[in-house]
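In order of appearance the chains are A, B, C and D, and numbering begins at 1 in each one.
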Amino acid sequence: MVAAVALEELQKRGISAEQAHEMLLKMMLIRSFEEKAEELFALGRVHGTMHLSIGQEASAVGLSTALARNDYLLNTHRGHGHCLAWYGSSPDLMMAEFMGKETGYCRGRGGSMHIANVDTNNLGANGIVGGGLPISVGVGLTIKLRKTDQVAAAVFGDGGANTGAFHESVNMASIWDLPIIYFCENNQYAMSMAFKRAFNIEHVSDRASAYGIIGVTVDGNDLLAVYDVAVEAVARARRGEGPTLIESRTYRWKGHSKSDKQAYRTREEVKEWQEKEPIRRFATFLGMSDEEREALHAQARQRIEESVVFSENSPEPDVADIMEGVYA
Amino acid sequence: MPEQNGHPNGAARELTVVEALREALNQIMAIDERVFVIGEDVGVYGGAFGVSAGLVQAYGADRVIDTPISEAGIAGACIGAALTGMRPVGEIQFMDFVTISMEQLVLQAAKIRFMFGGKATVPMVLRTPAGSGTGAAAQHSESLENWFVHVPGLKVVMPSNAYDAKGLLLSAIQDDNPVIFVEHKLLYKTKAHVPEEMYTIPLSKTNVARQGKHLTVIATSVMVQRALQAADILAGEGIELEVIDPRTLMPLDDAPIIESVIKTGKAMVVHEAVKTGGFGGEIVARIMESEAFGYLEAPVRRVAGLDIPIPYNRTLEMNTVPQVQNIVDEARKLVKGEY
Amino acid sequence: MVAAVALEELQKRGISAEQAHEMLLKMMLIRSFEEKAEELFALGRVHGTMHLSIGQEASAVGLSTALARNDYLLNTHRGHGHCLAWYGSSPDLMMAEFMGKETGYCRGRGGSMHIANVDTNNLGANGIVGGGLPISVGVGLTIKLRKTDQVAAAVFGDGGANTGAFHESVNMASIWDLPIIYFCENNQYAMSMAFKRAFNIEHVSDRASAYGIIGVTVDGNDLLAVYDVAVEAVARARRGEGPTLIESRTYRWKGHSKSDKQAYRTREEVKEWQEKEPIRRFATFLGMSDEEREALHAQARQRIEESVVFSENSPEPDVADIMEGVYA
Amino acid sequence: MPEQNGHPNGAARELTVVEALREALNQIMAIDERVFVIGEDVGVYGGAFGVSAGLVQAYGADRVIDTPISEAGIAGACIGAALTGMRPVGEIQFMDFVTISMEQLVLQAAKIRFMFGGKATVPMVLRTPAGSGTGAAAQHSESLENWFVHVPGLKVVMPSNAYDAKGLLLSAIQDDNPVIFVEHKLLYKTKAHVPEEMYTIPLSKTNVARQGKHLTVIATSVMVQRALQAADILAGEGIELEVIDPRTLMPLDDAPIIESVIKTGKAMVVHEAVKTGGFGGEIVARIMESEAFGYLEAPVRRVAGLDIPIPYNRTLEMNTVPQVQNIVDEARKLVKGEY
């Protein structure tokens, strides 16, 4: 059941009620994955570190929905959401990777920060802030040289927008009119560094003018709003009009990574943003009751539980294979 | 400030490496206004590994500077400040990210003095945590010290314990050259006796960490601790390792190494970094080119990281770099004449 | 003798007729140095390479005049002009360095691309495009920490504005309000890469807004215009209002470096810009006759000839000292 | 494409290294649409050293791409294109500037395949001119190959002559891994016989450039030429050098080196890069760890660049890196038993 107002809004965009539910489910799947990841970590069943995207689910789903299956994705360290939202992604293979298993996307070699599935044009998360941006230029060149109408989406954080890599990449994409969506998830912090301290401007998107491209800021917790600006940017890119810089304003609920006392922000601030929660917001927009929403969310949780079972039943990598995969 | 080189006796106040480094920063900042700290999250967050915790409260945000994610900028900020009379201590959050600072460190910091005819100094320290063992995978586990060893003009320091960490950091800050100060993550929580007063351990002074007569083991950073553990184990078998810790890799004080090899007739180098192209080759060559060559009773062996990126999976990760058992096995073989 | 209109203009700025003549003479000295450098190179009496700033003299003199003796200069590979214009610079020691002599500023170790005189706060030319920009941040921090009212000028080219170093540096300078003049000499080319091909914007100064600072473009061949914008920027910096991005539009007459066929531009274009020549322009503004101008220019040439004699009589570095100066 | 490894006989068409590289690019671009060239001034300017001259006229600006001054961007552009099926050939104008590309080359290009579980390939070549001898001073004269040797996942190729240059470049472009292709500036104008047809020289195949019995000289890049000249001179004194050119430094084919040392009993490594932390140490260690150790009649020597930045002054510059005479002197001493 979708509310009439919502239906109209969806129809304008060519989104069916079913698709809307899928989008919602995807956000719930992301939320569930992240919650489970945190739990597994706390239980000591996963090592290393992780960067949770709880609170940012609308960004991931809004962007991926605006892209087509054969477009490209370049993702960040906080990449579980974008990865799960991507075409053909399997929570099983993701969870197995997170748990370091041989069945994982990267055979347990990559882990949380490096999940990739090149077969589906998911070119991977990246442990280096800004690290995927120069790579996006090359993906854009491939598309241009092959003369396909594909698009590449390069995701990065507000912190990423202050790296030299950002500057070189966006400039190159601009002067060559490459079909790239530079999608900045401004979640207000780069680790402990507040956006306001690291930038002397109001919006990351203000930087678009430095490259002669279009920049737009969107409420990153509003699924359809993100979708809309992404759709526009994608269309521009497909028309050969070059890159767009999108700033999706959102917030990370959890600490930066596994160990973060969060001394740099207040509980009130976190709470304020939690009220702008994207999942409930979209469910409400669709006219779902709490029960309906909860039922769907339970489905998502169930799916993630299955992925844990899958992973637990998966073998560890064999030490005998340790030298594999360095060279082709 | 007294210069110390042996571990003093007396009441054993134990500190972790993190605490020792923090104390060094605290003490020098209190007396030298030229010293400031700069890097990502070094302020309220206290640094990714907590080394600078409390400093911003003590010395203010002007002297404990949180930066944007701009590793080239951090390095440059240190260079420019050093060139104009300050003594900056920069932090690169993980050694992997020095890859973004290389132009500034190698083409600027290291060369400015020489290029300017010896008429300028760049007294800066760049601290950075290195190494694997934390499940952080290939882009957060690098051990790149030999890159810097290969760059004249830079000094490269790698402490292996809390006592050295404090004394070496104080020396590095007071040195008039750019110093790359490499801290191993797995050492951060290890403890040692650390005197409360300020003291320095001279740079380019190799330390004999344990005396022995059967085999010289030259180890760096966390591998010094593993070599010492291996030595304990082998002592039970009557095999006595001499464990040598260069502490400063460049410029290298190689005399104690040579002397030791002359004494033992056998040597082994242990480092975590990838074996090929690593610091181990330098040590082997130094021994080869020295008087010690004539005393060698067996080939010098390298025990080092596999030639692969650091894998995420915990078991694979452990198997990528030397563990105590690997050192024990290799040392035993060497001593028993199996090479 | 200075024309009345000119006198008025100069007085407005607090520049005496004598100072104006000195400024003109400095431009001529730069021109003469560059011409001599080219000649020595052609004769095989200098090796390596060089980057001549002929045509850009007003930029160098305008900027340095706006700065004070105890300000700082960070210079580029095309740095002979800025170096000569700097306080207390000796053409002798510069020429000796260019000729690789022990008496040169860097004892013959640095050469054309690395001339520095740290004693006078001339922090050196730089062989790396954008290489001085991160360093400027540190100089700014020193000034801020010492609470002096000094200013640092960081010179770079249009090419330099596309390096990641530019982005990281200007952003840091902006968020910390550092007293730095980012002085971009847009001479229309980075080697063979035309400004129009490497940028999708009209002015390098358009990038200032990406950092929330003031950006201004000036006719780089108009000495007083350069001086004026620099004076304003310097005043802002001294007042603690942070960095300014100045774009000085000018043109390099010669090839990029020693060997450049210049296939990327037309003779007509070069000629057009030569008509906007800065030296004659300022002399004419001052109301000088051709003879007066020539007489002054002859002085400059004479001074450079003397520097060559000085250099020729200077010793070569001693190979026995080769290891000196690596470590302090 | 025939695989060649000896210099074929027949009509000796001589090309310079620049011409040989250009011919390789021309030929592969004509038959493989995936190959494109990208870098600063590679188009109308023809590349700083002329290697890509004429290519933009032949293949258009879409496949011969002039970039802004953005070395990280150039490396990234190659990686992204390679990852999606192209075969980019990037150019970094001077090897010094790879310092700006290190994050992309080392943390991305080298590791992507491994981090992605062996499920991706990054078939790219990064060409770059290295070395001193042109009066370009400290920031335009670097020899940083050992940094890359120390990075598993990368291949490192250094041709020493025009014949090899063409065959190795064609191999590198067809290789499925990221290859750092290091060209010495002083070799660019040197000539050798170069067949007109396309041919490949396999990577990781060490070449014995000259046979001899008294001393094994392992040399790289321009030092191969100098070692061959030294061999000519010493031949007059009855001293026969065996000159070995690894050509690919990583992964290294060390078997011919070991074999040679077993034969001669003496070895010397010659490279231009700074001695400390350089590739020489790797070679010394490989010999040490091999069967050849037992055959060594003298210590293996390193003849390499001084531990200083490259000075501008021509005489100082010459004296910073090995010249023919240095090789002759050291080789003679080694052979005569003076070590």
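Just so it is clear, contacts are C-beta pairs under 8 Å (C-beta built on N, C-alpha and C of every residue); 3 or more make two chains touch, one makes a residue touch a chain.
Only a predicted model underlies this, so the values are computations on that prediction, with no experimental measurement involved.
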Task: Chain located farthest away, centre of chain A as origin (C-alpha) - done: C
Task: Comparison of C-D and B-C (more C-beta pairs in contact) - done: B-C
Open item on the list: Need the CA-centroid distance for the pair chain B / chain C, whole Å please.
Closed with: 41
- [ ] Measure off the straight-line distance from the CA centroid of chain A to the CA centroid of chain C, and report it in whole Å.
- [x] 46
Task: Interchain centroid distance [CA atoms averaged], chain B/chain D, Å - done: 31
- [ ] Quick one: report the Å distance separating chain C from chain D, using the average Cα coordinate of each chain.
- [x] 37
Task: Per-residue multi-chain contacts in chain C, two or more chains - done: 106, 108-110, 114, 126-128, 131, 162-165, 168, 171, 175, 197-199, 326
Task: Residues of chain B whose C-beta touches two or more other chains - done: 67-68, 70, 72-73, 96-97, 100, 103, 107, 114-115, 137-139, 152-153, 306-309, 311
Open item on the list: With touch defined as at the start, can you tell me which chain D residues reach chain C in the complex?
Closed with: 40-41, 43-45, 48, 66-70, 72-73, 96-97, 100, 134-140, 306-309, 311-316, 319-320
- [ ] Spell out the residues on chain D that touch chain B in their complex, using ranges where they run on.
- [x] 96-97, 99-100, 102-103, 106-107, 110-111, 114-115, 137-139, 142, 144, 146-153, 250, 252, 273-274, 276-285, 288-289, 293, 299-302, 306-309, 311
Task: Contact footprint of chain D on chain C as seen in their complex - done: 47-49, 100-101, 106, 108-114, 126-131, 159-160, 162-164, 190-193, 197-199, 260-261, 263-264, 316-317, 319, 322-323, 326
Open item on the list: If we count contacts the way the header does, which residues on chain D are in touch with chain A in the complex?
Closed with: 33, 36, 38, 62-63, 65, 67-68, 70, 72-73, 75-86, 88, 103-104, 107-108, 112-121, 123, 152-153, 155, 175-177, 251
- [ ] Would you tell me which residues of chain A are touching chain C in their complex?
- [x] 162-168, 171, 174-175, 197-201, 206-207, 209-213
